[in-house]
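Each structure below appears as structure tokens.
Paired with subunit B in one complex and with subunit C in the other, subunit A is shared by the two complexes that follow.
Our next item is the complex of A and B:
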């Protein structure tokens, strides 16, 4: 039992000291009182990449960087900023990489055009086939 | 000794794969039929040796033999035996050995069980299977030897990533690999049929069970993986559009399209070239997925191997096989006779729509997954994540669901638009009713996609049952039940996804022992947090009581600390009810004695995975139904030939 307590102390001491060393992010794990604002903030968080994690949004991460950004977003939303303003600010600060929604232009134009082109191309192929076949029949 | 035995078996298996390829090539090329009789036994022996090699690696992991580099890097003597066992494939080399083992076993099954293919096509298929295996044997032996020794032996291992230390690891990768690699059989069939110019309905009937089997396993693998991520990562997400998830989704999308086009080819002898193309694409997607994961080119939680040399090796294999198959396709597509014609309003036409939509979704997922790489080549570092995939693949998937609802209600060859519309009256009515009711109840509170998802799920669920009406249910073939179950499963899964997205309640709180919190009709009381020791971890475990009017139900979320390697994981406590799941996670302790808690009520979230299992079960029923019909026909023919 003593050994266990020691190990636990080891396990939990590190994050605690790390936390007290920095000013705590007040809204990292605390929701906004207004449900509409909280929803706005949460929807934005889902689209912001946690840059220190691997393929996780800041809404799904325990990393301290994600916690800080969650708090930042909630504070800004509570102050009346719009989600897209906050996204623009984040992109300015961290680069395009932080936004899971590709916004950089014009490099992302082909990305958004791809589904339309694929659908149109495939559709033309299919329609052409059916029509041609009907003429043959 | 065991390591050397395993390595020797692997070399022998590789040698036999080469022999298998040479026998098939010479036998077919020079028409020396006597050589062909050796192909099947060699295929079986190759599989047995490869399985032996894999068994040796399992034994090394179970015995924690730290003189083997791979074991020392990825295992630890204090791990429970299940994770020593499953840890065999929780790393790069082991998972690639599992890959070739499955490929060898699939080849052996084709050698032993396949009876309907023409002999030449059968032999060409086995030759192609050997050719693919050979590349992966080379990859293992030259670039990822799992049996490399470590001298001197390590005192103990470095341990397995704690996120992977879960029963899910014993189940998820093998199932997924069986599916991934099962598609290699479809690929080899396609190559075999192109080489011997036998792309026809009989070929499609022979290929169908293999495609179905691989698809069922892929479905189970993806469903299990999604649930695993959901409970293990501790944030309640079940799909992240992570590159590695996309890598498993892409073969599934291609296999789903293939499954439907192969049915058109088997039933109506149409879509010949397209079906062969899809068979090539499906396994190519498996290989592309493996390349993305194994090369570590797209880093994510799953990429435990970051090694550019290996990446280039797989890239070369990839180009060789995909390029080779496409070149063969280009050369031979002219000799594939045009299939039969079909009308605009016919089941064939709707299956073509299904194939078109699935292919476009596949294209979108592929482009979205690779786009950050391409952008980086031009000096831009961008992310393509859920907002893109949901916005683009979501509407396409909904359209696909509608086509799926209509398809089975349309006759083969041709049908009357008015009659088809009549069959769709009830589902359309349900959708309008659902749209109106939801619009009144929740307008403005839920997103457009979840709203449409719920509406479409309701209509499709009803429509998927219509093929069972107005017919004798006892005489309805098993494969019709299978189709109905799988399509219903799609609606159920979609309903779960939409309900979860639309109606989840999230509560993030900091609680002192003794305090309670309300969430979506639940009252959750935090009693205490106590230390706890497991076999290779220590944890803080919370005692919590949840109730919804009735009795208290105890929940025990944990925060676990693993020492080798040092990592903290959250073990969420999940309470399943018929109408959803309560998901509770214990976070960090605060300075003032309070604990962070994350609590979600996720209405009908379980339907996501229930639907996935229904889809897989439907596929299995169809497989059994088709095979049974095949045996019945054969029996009847035999009885007719031999009058009693």
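Our next item is the complex of A and C:
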């Protein structure tokens, strides 16, 4: 019970690490005026990982660094940069780790091959069954 | 016999996955993200002064033939206060150190330096983390060793502890 109360208190507590005295960057929480640009920016933000809260995208994170990166992305998109350019710029600095979009690097080849291998495995099983049934029939 | 093994296989797989998930939930992975900029030239930037009694910081101040330290800190950052004595020790050992204050205000930086010491030659104010992002740095504090040719030689993530001083000093000396 005590532990439960403690956990509940934690859940409602103010963020432990007050990260800054400054107000958030201009475009951290404010959308771009142009809906098409805002959509581009937001779609990119959903696939960029927050370096502070490492299991969240920067679109979901309240961390100051995520806010600054959101603002940076919006400003760059508004200046005409393409989302994939910005992603490449970030990967150049933080590695593939920063991007949630899966890459075609050799390390992910087993992942891409998995559906094909599973389908092939299933096919072999089914074929075996059919043959056995025919023989029995 | 073979059939019995197959009956238990799903349960075994399930147990293994459950253990894996429980383990990761109880002991989450602490991930430090090293910058990919190590080995590359320092990105160009020009920052306004963050403190009243130190000049502003420009990336061109680094390619002067002598290696320097670049410390990313903030007045609101607790580990930054903890590493202050180590930075002072490095300064005493003759290492030139420049600072970048992240998301900070001049009055706060002044107060922080008055309280914890000021080992910095120049201090730039990075109000929107843009230089921090360009450096591939993911938090405060972090310390970069910048070679005399303006190349990033080393990144220290987190506060500099007493036993890190020697390593950083060695890297700096080797770069001279």
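Definition applied: the second predicted complex is superposed on the first by the 99 of 137 C-alpha atoms of A that agree within 3 Å, B and C clash if a C-alpha of one lies under 4 Å from a C-alpha of the other, contacts with A are read in each partner's own complex, and residues count from 1 in each chain.
By our rule, contacts are C-beta pairs under 8 Å (C-beta built on N, C-alpha and C of every residue); 3 or more make two chains touch, one makes a residue touch a chain.
Everything quoted here is computed from the prediction, not taken from an experiment.
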item: Subunit B versus subunit C as contact partner of A:54, first or second or both or neither; value: both
item: Partner chain in contact with A:124 - subunit B first, subunit C second, else both or neither; value: neither
item: First, second, both or neither for A:29, with subunit B first and subunit C second; value: first
item: First (subunit B), second (subunit C), both or neither touched by A:88; value: neither
item: Contacts of A:107 with subunit B and subunit C, given as first, second, both or neither; value: first
item: Which of subunit B and subunit C A:97 touches, first, second, both or neither; value: both
item: Which of subunit B and subunit C A:115 touches, first, second, both or neither; value: first
item: Greater subunit A contact set [subunit C / subunit B]; value: B
item: Common interface positions of subunit A, toward subunit B and toward subunit C; value: 19-20, 54, 95, 97-98
item: Complex contacts: residues of subunit A adjacent to subunit C; value: 18-22, 25, 51-52, 54, 64-65, 68-69, 71-72, 90-95, 97-98
item: Subunit B-facing residues of subunit A, complex; value: 4-5, 7-8, 11-12, 15-16, 19-20, 29-31, 42, 46-47, 49, 54-57, 59-62, 95-102, 104, 107-108, 111-112, 114-115, 118-119, 122-123, 126, 129-130, 133-134, 136-137
item: Of all residues in subunit B, those that touch subunit A in their complex; value: 233-235, 237, 240, 242-244, 299-301, 303, 341-344, 349, 352-353, 356, 359-360, 363-364, 367-368, 371, 375, 378, 380-388, 392, 396, 506-508, 510, 531, 533, 538, 540, 561, 563, 568, 570, 587-589, 591, 596, 598
item: Subunit A contact footprint on subunit C (complex, rising order); value: 31, 33-37, 74, 76, 102-105, 108, 127-130, 132-136, 138-139
